[in-house]
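Just below sit the structures, each encoded as structure tokens.
What follows is a pair of complexes built around chain A, which joins chain B in one and chain C in the other.
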Partner chain A sequence: MLKIIIPTIMLLPTALLSPKASLWTNTTTYSLLIATISLQWLNPTYFPHKNMTPWTGIDQISAPLLVLSCWLLPLMLLASQNHLQQEPLVRKRTFIVTLTTIQPFIILAFSATELTLFYISFEATLIPTLILITRWGNQPERLSAGIYLLFYTLISSLPLLVTILHLHTQIGTLHMPTLELTHPLLTHSWTGTLSGLALLMAFMVKAPLYGLHLWLPKAHVEAPIAGSMLLAALLLKLGGYGIMRVTLLMGPLTDRLSYPFLALALWGALMTSSICLRQTDLKSLIAYSSVSHMGLVIAASMIQTDWSFSGAMILMISHGLTSSMLFCLANTNYERTHSRILLLTRGLQPLLPLMSVWWLLANLTNMALPPTTNLMAELTIMIALFNWSTPTIILTGLATLLTASYTLFMLSMTQRGTLPTHLTSIHNSNTREHLLMTLHIFPMLLLMLKPELISGVI
Partner chain B sequence: MAALAGCGRALRAAGAGMAAGRSGRRQRSAAAGTVSPAAAPLGAAAGPHHGAEEEDGMWAVQRKHPETHGFAEEPAADARNMRAAFVAGVSVALVLGATFLRYLPDYGLRQWARREAERQIRAREAQGLPLVTPDYYDPARLPLPPAGD
Partner chain C sequence: MAAGAGGRSAAEAYRPNRYVSLPAELDPAAYDASPEKRRAEAERLAIRSQLKRQYQLQLNDPHRPAVIEDPALIRWAYARTQNVYPTFRPTPKTSFLGAVFAIGPILFWISVFKADRDRKEKLIKEGKYKRPLSLF
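Then we have the complex of A and B:
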């Protein structure tokens, strides 16, 4: 653990003290090396549960998410290098420091064994993300986006804090391995039901659940590329992971309390997929597709069977990489045309044929093409839900159909069709962008060969 | 034929120089039904828009250094950054990382589970015990309350 955390924290002086010519070289290279070392967390002799330090541990649910979070930092740095080119050196350093500050908190959040530490790191990731969105976003709407993100998360997480502290006084400990052995505390009384709701709501907002998702399209669209990648690939997974951890505390409540969340999650997957078909803004389309996929994750986490947890895990990892790649591709469009509107960024395949290869691959994985891990995840979740309740197959089947249709819509709008006449020149794709897409897609392709790495407890 | 000759004249006139735009236009009006090339480079009429694109960072860098990799403006730093990112990203992280993950021993204890199951079956068949019992715990070890309470 220390061999990851200490180098990550030392990236902060690296960013602050590197000379101008090697600022990006140093930070990108060292964060890639940290990501390589983080692969040792997938070593199976650690499982089912390894205590890395007295306050952190790792098991098969948190290991893939930890590796994903270490992998994403260099990708965020690569993606941001261009739009920060013109900024003064101090601002570049501040940007990298903001990104790097989030990293230790995310690592702590995913590896915390104590629920209070998880809560503190969960909240701590919020402030640098807010700084990233409101300072480096491109449109004036970013202020509204920051407010939505901040207040949605804070309002839902305050009851979580109260409930965590209350449970601590009742049970005596919040150490998660110990909590698995205690008797369930919450009953079907009003106190118990409200405690259960309070425990879940913060993660439902973060995941996000369909009725509480309004912050997500705003935040994803207004964030700079690094912010969008961070939000889509990591912070949403904090919600899914939190639900998985917190449902072990909820005991007998979930057999009644899960219904509203399941209904909203599955219906939300349908609704947001349909909204995607009506989007004019490319980043907004990708943001709503994130809500749709995470709706499936929430539904799977709420029924708490072995297969559904496994499917939720695979979907979180696959969706993290796919969604981040789609945002990077949308950003390459935005840097050339300075517009996110689909009608204005059409027909790019003849202009940028190499980039259209990456567009194709990203969209194929997004629509869960076999044999990608996205398909494995969606199928596992659909089967687990079908086993739990037969009519859910209608909802999940329709959601899969709509996912394929809006993904094809996105692909055909950006790549095919007539070129808009106002584009007189766009600059060529460069090595940095191709490397960025390679580093996104290759882990996904390699995971197809060994999916048990990300499949959680199975 | 006359149309083609007119087209050829228009082409030569336009190719003679941009100052021949006037003659190009004359040729165009003279030879009806021909397609003559534009009298000026495409986009030159849209003055401010074209100028704004020159300020676009990446565009300017690509014009100045066509072989840029997109990491930095100055070619030496650009090449250094590209090489460092590729070595750390592809050679170390993807290749060495994938090799490490591929050779991880018995992930998820699946091969062990198979071996253990076969061993248990052999042991139980040798002792004549049933392979699976409906009681998870040995009932003799469970202190149950007396019946009738």
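Then we have the complex of A and C:
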């Protein structure tokens, strides 16, 4: 573990002290090296739980997320090179420092064995993300986006802090392997119910659950590309991961408490998929599709069966990669047309045929085409939900149908159709962009061959 | 034009209906335009040609801007994305829509899931829950 965390922290001096000519090269290759070292965590010889240091440990539901977070940092650096080209050197360094500050906190969050440490690192990822969105976003709406992100997360996590401290005094420890051995503390009283709600709410806002998702379209749309990738691929998964960890504390409460969350998550998946069909903003469409997929993850995490956790894990990883890739593709559009309006970014297939291959692949994985891992995940979740309660199949089936329809809508709007008349020339896709897309799709294709790596079971 | 079946002329056979509006060539009123209509047409033509002139000025400018913006499109996109909440007002229609599509279905699905789960729990407690795919 130290061989990942110490290099990640050392990435900060690298970004601050590298000479100008090799700033991007140094940071990108260094983070790629850290990412390849982190792949060793996928090796399943140490499970069910490997204690690496007294405060961090991995098991099979945190290992894939850790590898994803390490893998994404070089991709974020690759994606940001273009829009930072014109900036002075100091600002480039500041940007890279902000990005790399989030990294150790995310690694700590996913590998924390103590619930308090998880909470601290969960909150600590907020500040650099806020800086990223409000400083480097492109539109004046980024200020309200930052405020929504900050206050939604903070308001919902204050009860979480109170409940964590209260549980610590009651149980005596919050070490997660030990917690599995204690008897459940929460009862069906008002105190117990409110404690359970408080434990869950912060992660429901982060995941996001349908009623609490308002920060997400704003934050995703106004963030720069690295911020969008980070949010979509990692910070949302913090919410899903938190729900999985916290429900082991909640004992008998989930019998009653799971109903509203399940209904909100599944109906929200339907509603946000339908909103996607009416979007005019490309990034907003991808953001709402994130809400839809994470709704399925929340629903699966609330029913707490083996299969549903496994499906939620696979969906989190595959959605992380797919959503990040879609945001990168939307960003390549944005860098050329400086507009996110769908009507203005049409007809790209004759113009940029190689990029349209990546568009096609990203959209095919987004709509859960067999044999991608997205399909494995969605099927597992649908079956687990069906076993839990039969009428859920209506909601999940409709959600899958609407997902396919808005994905095809996005594909046909951006690739086919009349060419934009107001543009005279667009730059050809460069190797950096193709490399970025390759590095996104390559893990997804490989994981198709061995999905046990991310499926959360031994 | 050849007379159709029943001896109707083309103008009588092809009246506008719900799916198809009358094309301008078949509309007799297109040829005797009243002065108000002609003034309105002239105004619309003036607006269109001004917009076209602005567009072509930018298009043929030697120092052309990289992207020629359409202000109408920008206003439309702004109205659809960022101006929704400030222009929202609770009316009977919007309250009804919110209740039917947001609050109602949540309560409905909560009750459906709870009823189904309680039914299953009762069957399990009575020992009557069939598990046809069980491995035991």
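Criterion: the second predicted complex is superposed on the first by the 457 of 458 C-alpha atoms of A that agree within 3 Å, B and C clash if a C-alpha of one lies under 4 Å from a C-alpha of the other, contacts with A are read in each partner's own complex, and residues count from 1 in each chain.
By definition in this document, a residue touches a chain if its C-beta (ideal position, glycine included) is under 8 Å from a C-beta of that chain, and two chains touch if they have at least 3 such contacts.
Note that the structure is predicted; figures quoted are calculated from it, not measured.
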{"item": "Partner chain in contact with A:Thr424 - chain B first, chain C second, else both or neither", "value": "both"}
{"item": "Partner chain(s) touched by A:Leu39 [first = chain B, second = chain C, both, neither]", "value": "first"}
{"item": "Contacts of A:Arg432 with chain B and chain C, given as first, second, both or neither", "value": "first"}
{"item": "Touching partner for A:Glu452 - first (chain B), second (chain C), both, neither", "value": "first"}
{"item": "Partner, of chain C and chain B, that touches more residues belonging to chain A", "value": "B"}
{"item": "First (chain B), second (chain C), both or neither touched by A:Phe151", "value": "neither"}
{"item": "Which of chain B and chain C A:Glu335 touches, first, second, both or neither", "value": "first"}
{"item": "Contacts of A:Gln85 with chain B and chain C, given as first, second, both or neither", "value": "first"}
{"item": "Chain B/chain C common contact set on chain A", "value": "424"}
{"item": "Residues of chain B defined as touching chain A within the complex", "value": "42-43, 46, 49-50, 53, 56-59, 62, 68-74, 77, 80-82, 84-90, 92-94, 96-98, 100-102, 104-110"}
{"item": "Touching residues (chain side chain A, partner chain C) in the complex", "value": "141, 259-260, 262-264, 266-267, 271, 280-281, 284, 337-339, 341, 343-344, 388-392, 395, 422-424"}
{"item": "Chain A to chain B touching residues, read off their complex", "value": "21-22, 24-25, 28-29, 32-33, 35-36, 39-40, 42-45, 47, 60, 71, 74, 78, 81-82, 85-86, 335, 424-425, 427-428, 430-433, 435, 438-439, 442-443, 446, 449-450, 452-453, 455, 458"}
{"item": "Interface residues, chain C side, partner chain A - complex", "value": "64, 66-70, 73, 76-77, 80-82, 101-102, 105-107, 109-110, 112-114, 116-117, 120"}
